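Two complexes come next, and they have one chain in common, chain A, joined by chain B in the first and chain C in the second.
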Partner chain A sequence: MKRTNRDRRRFLKQGAAVAGLVATPQALELAGGSAAAAAQTVVDHNALESVLYGKRSRFVTTTREVEGRSHSEQTLIRPHPHRPSARTPLAELTGTITPTPLHFTTQHHYGIPDINPDEHTLRVEGLVDRPLVFTMDELRRLPFVSRVYFLECVGNRPNPRAETVTGTHGRMGCSEWTGVPLSVLLDEVGLRDAASWIVAEAADGGKHTKSIPLGKALDDVLVAYGQNGEPVRPDHGYPLRLVVPGFEGIYNVKWLKRIKVVDQPYLSFQEHSRFLTPNPKTQRDAYDFGPNSVITQPSGGQELQAHGAHVISGLAWSGSGAVRKVEVSTDGGATYREAELAGPVLPKAHTRFYLPWRWNGEEAVLQSRCLDERDQLQPTEAEYARYWNLTRGQLYGTVQSQLGHCNWIQPWKVGRDGKVTNGLEPVDVVVDVHA
Partner chain B sequence: MSERNIARWTACATRGAVVSARRRTRLGGAVALLAAALLSGGALQAQETVSPSGLGRPLTDAEQHDRIVGPEGADLPPGSGTAAEGEMVFARRGCSACHGPTGLEGPSIALVGGDITTRSNYFPIRHWPFAPSIWDYIRRVMPYDRPGILSDDETYAVTAWLLYRNGIIQQEEVMTAETLAEVRMPGRDDYQQPGTWTPETRRGFRILTEP
Partner chain C sequence: MKRTNRDRRRFLKQGAAVAGLVATPQALELAGGSAAAAAQTVVDHNALESVLYGKRSRFVTTTREVEGRSHSEQTLIRPHPHRPSARTPLAELTGTITPTPLHFTTQHHYGIPDINPDEHTLRVEGLVDRPLVFTMDELRRLPFVSRVYFLECVGNRPNPRAETVTGTHGRMGCSEWTGVPLSVLLDEVGLRDAASWIVAEAADGGKHTKSIPLGKALDDVLVAYGQNGEPVRPDHGYPLRLVVPGFEGIYNVKWLKRIKVVDQPYLSFQEHSRFLTPNPKTQRDAYDFGPNSVITQPSGGQELQAHGAHVISGLAWSGSGAVRKVEVSTDGGATYREAELAGPVLPKAHTRFYLPWRWNGEEAVLQSRCLDERDQLQPTEAEYARYWNLTRGQLYGTVQSQLGHCNWIQPWKVGRDGKVTNGLEPVDVVVDVHA
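Right after this comes the complex of A and B.
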């Protein structure tokens, strides 16, 4: 099947070259092929619908991967249809930008609000000289920036031993965001001396509310209306969302309707109970992500078809800034070699790396580690467990419920048969929420 | 990448131009003269009412009433309520349809009892660190299917009832802006206030290559 596609593509190209034009059926006939077969593949893309809004090749069928309902979800009665979480299909993507329709989304307890941008406003109030309400039109008349930032759920890595990289790391994506720096808006309203935090509120039924330290708000937070060159899509917060670079996903309030300037963190509904635990260590860490990286190719569930030349490729990122260096090991961490950064290398953004590699048919354990611009190095699983003073079993037991920020190195094992599996050893999970 | 250096309206001339545009569209003649006088005479006063861009409008009364209340009671509105009144609100406003007649039976989450550490209840009321936050949540988010329908008094009442049912206040205590702010939640000390943040701080788990 794959072979045929490649042949057809080459053949289309030749046809085009002969005709000196695009690949019309006539051109294809000149090239000596079957025009009827080729025309079939073109016709859908000639339809007006496809001319107006480009379609993928019918051979590209990648989708997000839907997650199951969490236990807490199953116990609740909700008036809205449940919208499940969906992961980014990391293994199928290239480069650094996640196509918006494939960008992960978390479960939406209150459904996706259907917001008319002509009626939507953003109010900025609290400890300010002049509380003001801005229309979407007014927001677009303010100075703006476009920046590339990754966005990751704090609960990424829900199952470190999952089969595929989408299963282990799929709750993240990277986009070019366009919008007004929050510092510009705060200048518009004028900060009072007592101001030290902001509280951001969403327009959905749950009024998602999150406290952010003022230092961060003034640094690089964006009030974004654009994602990857188009309006932010509804499941990402249309028409307006907060982008809090390098911080946990939950800070990036969607459907943003209010910024309130305050003098203390509010610890509102989304900031305790399920989301913040009475563990001082976890609380201290609850802002930006440490250095991280993962190999997406070859990765779990894939199969190497042949010995010889391959390229190991993946993503590296850090909530603290730019990636300085990525190293790749093919022997489970005994030795590392520096990988190439495929560029662009931007702060708090996914960075693509690769390393050419020859597979000789022997077992290999592939893993990467990231060093960021602050000389922070990605830890191994053992180092991570030691830091939290947990056994491996306890570590896995608390991964989902408490820790988050699971940035330890991910090994992938290549078997003699070419099959790639998760290289993290099996573990007897100890569920101990007090740990 | 700090955005502090982005180009914005700095020149006085720009502000003047924007304000005169506002004057044309919004202000009547006399007020306009006053605004112009303020501008030429005292830039300081003008700064307090007009944003650098001249964009944005003040909040309406309705918008001002829709508030986010602080954990220690900041911006709680006037009003009051008791547990006895709250029990009636709970039935009248349909809370019981989801949370059960006494807040325990479901079908949705129980609002009485529970312990976060055993996960017997994912959202125990006792575990909220601040009582005014419960008022705030109910006022803005509940009832789940028709958020915002409760009055301020109804919200005080139903909050009082939930606090009473969870053994946090006495049955006859009247909840107001002052008394609610004084309620001390049993789980309060389990939480540490989140620390402040600067771009220079190193946080969280990282291995540093430097000693």
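Right after this comes the complex of A and C.
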């Protein structure tokens, strides 16, 4: 555990580069002081830049998982190699708050804009009595709320048979969002009688836009400037984004610059070119995600090191409200036991659950299911396919074409060697339903 | 808002240093791809290291405020210049979760240890039936909870007349903590009849130790390995710390390595040399913090830029449980109005409140008070002094000697010029009660 002076110097040097610091006499005094204590087990966390802005342990190296480096997962949304997306490393996380630097970020179709908040405005116009333009300062002088909500990409499950939980479910995260309820802004501008939808537009190169029904806009939608206590980061929409609780990620427009009140949904470029599936079989009948859950520990790619006491842990969530109950099976769904909920249960937020489990060294199939406050129960893969009247081959062909809301139960298989693999059976023939 | 190519190159270079990356062909491909898009308003957030681990906007430069560089604030705890403490920049934060890199960290009396989690253990022994040693892996296989709790230094208010809210209240933060309830571990080892206290010991150079009554240890104390979704960071106790909800910060032993069950409180070095005040007038009659609140926006050092609509916002908390109500006064306490609570109200957690307020350009004194679920009302400074039978001069002399729990109301004065200053009157004669 002890570090040599040479190691220390290397770390300090790197540390100084991090903050872009020139070594001022003050900084040197601090660094020198720590060096004197190097005989103890003290590292560079005393260096000035680490005191100003804390760092992780050198033993913690978890990162997001970059997408777009290969096309082995075929989806209609082909990641642009120069504008990569990244998944949340779910198996490495504790609790329910996703650390902001590890929160998934979907591909940015036109790159991440570099916005000066002093120059950024939000225009609210359309079928309103008084169109208004808000500066960031003006938005911060309005009533606000702070709420914990999950955010999930509609294409969160492009490959249900991926090896790890980051591969199967990594396009989601959960944050404390702070911002102005959209209803406050719409009240300021005054809605006209014909108003029935809003169109939200981003400041990115492609002007990403999305239509949202007025009822939802007046319900719990936020114009958010804060995420987990700090300003929303650039890859999450700095300085302003929509948060549309429980709805698909694409509704949560980043870099928000305009809200237009209209009398019908607009079919934007993103929608008609990439996100709408014309096949009525796969047409979605709701915007909010259904009940869902997944075991993150143990999960695919991990290995149980010992027989005996373990804890099965995971996340449950529902776009329809709060989680009522989570059940866990260790025998592939033959029997279920109710899991403990490890923290506060908040609506449309990740809910952490766990179940103590004794592994006897035999094969086991671990899976969880969520019951939400509307009494919606998370389905099995077979139930899901039956609902949509699809064969399994068709289902998997459809998944890859962005069916979305693929909330069926995820089993993880524990082998006798302790290795954990995806418990969903291979698909013999994937049938492209659009072919 | 556009960046030049030269700016881009500088940023990318610095970015590569941050992650300590050697420019591999893969990384170069990514960086080159972004450079091609520089004609758009795209910055280095597409660079590989930013995708792996997200970054803040270049317009967001908030840091912790380093203490220990001057001795202008005289306290019994003299910060070691080479082991600086740092305060949370409260005025810059939104919501209730403190971003981990900005969460206050008190002085580390013996530096921050560099602990390899694979070698770290927690020993639980003393008046128990089966002393046990837990590895980190074993702890992670036990039942756990995730809870949002504030953490506050007993010396949070060394200078109630500081200029800014970071100066008056910056030694506190609020996080989602994940870990094993201490009661689970104590149940594993089996308590003997004489057990009535525990002593928690740290792995730092000075073996910081603290005694905690058994009733509290069995109630809501956590042995925490997770903070805001990621492993607890080194300056917060990596890989393991105690979280003792509502109690003074010093109870929340970092780098936890040993818990000894005993039959009486131990008077540790830290306690008898630095933290106990022998004067019975200032003896504390409870361990948990009382009801408290402070306005963070607008607060000292800020300046109102315009007349008209503003929102007064701040944090309320109580070591005794949940916040029941927060009231805000804009006339120095003559009248109060009930504030809105902006998010979920969780026990022993920061609670964000706000009150819309129209500034007419006249002088105003803004202050908040908290009523907690035990019906304890936050006192004024005068009420606090009266309770302890101290003159104001004595009170301020005592504050500087670590009275602790200085939860009286904090007024901020808004001048006609919009400038916000500390509304507590100057103290004519500070009387050192220990003199």
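Here are some notes:
Methods note: the second predicted complex is superposed on the first by the 369 of 435 C-alpha atoms of A that agree within 3 Å, B and C clash if a C-alpha of one lies under 4 Å from a C-alpha of the other, contacts with A are read in each partner's own complex, and residues count from 1 in each chain.
Convention: contacts are C-beta pairs under 8 Å (C-beta built on N, C-alpha and C of every residue); 3 or more make two chains touch, one makes a residue touch a chain.
Since this is a predicted model, take the numbers as computed values, not measurements.
In the superposition on chain A, contact of A:315 is made with neither chain B nor chain C. Of the two partner chains placed around the shared chain by superposition, chain C is the only one that A:234 touches, whereas chain B remains out of contact. Legend: residue contacts after superposition of the two complexes on their common chain; A:377 is shown touching chain B, with no touch to chain C. Once the two complexes are laid over each other on the shared chain, residue contacts for A:54 go to chain C alone; chain B is not touched. Touch criterion met: A:176 reaches chain C, while chain B stays clear of it.
In the superposition on chain A, A:147 contacts both chain B and chain C. By the touch criterion defined above, A:244 reaches neither chain B nor chain C.
In the superposition on chain A, A:352 contacts chain C only, with no contact to chain B.
In the superposed model, A:261 lies in contact with neither chain B nor chain C. On chain A, the surface touched by chain B in one complex and the surface touched by chain C in the other have residues 141-143, 145, 147, 205 in common.
Across the interface of their complex, chain A is touched by residues 1-4, 6-8, 47-53, 55-60, 63, 68, 70-72, 74, 98, 106-109, 116-117, 119, 122-124, 127-130, 133, 136-137, 140-141, 144-145, 147, 187, 190-199, 202-210 of chain B. Within the complex, the chain A residues that touch chain B are 72, 75-79, 123-125, 129-134, 138, 141-143, 145, 147, 181-184, 187-190, 196, 199, 201, 205-207, 209, 211, 213, 215-216, 218-220, 222, 245, 258, 260, 262, 264-269, 272-274, 276, 278, 280, 283-291, 320, 347-348, 371, 374-379, 383-384, 387-388, 405, 407, 433-434. Against chain A, the residues of chain C that register as touching in their complex are 1-3, 14, 17-18, 20, 26, 29-30, 33-34, 36-37, 40-43, 45-46, 48, 50-60, 62-64, 66, 69, 81-84, 86, 92-103, 105, 108, 110-117, 119, 137, 140-148, 176-178, 205, 225-226, 228-231, 233-236, 238-239, 297, 305, 309-311, 313, 340, 342-344, 346, 352, 354, 356.
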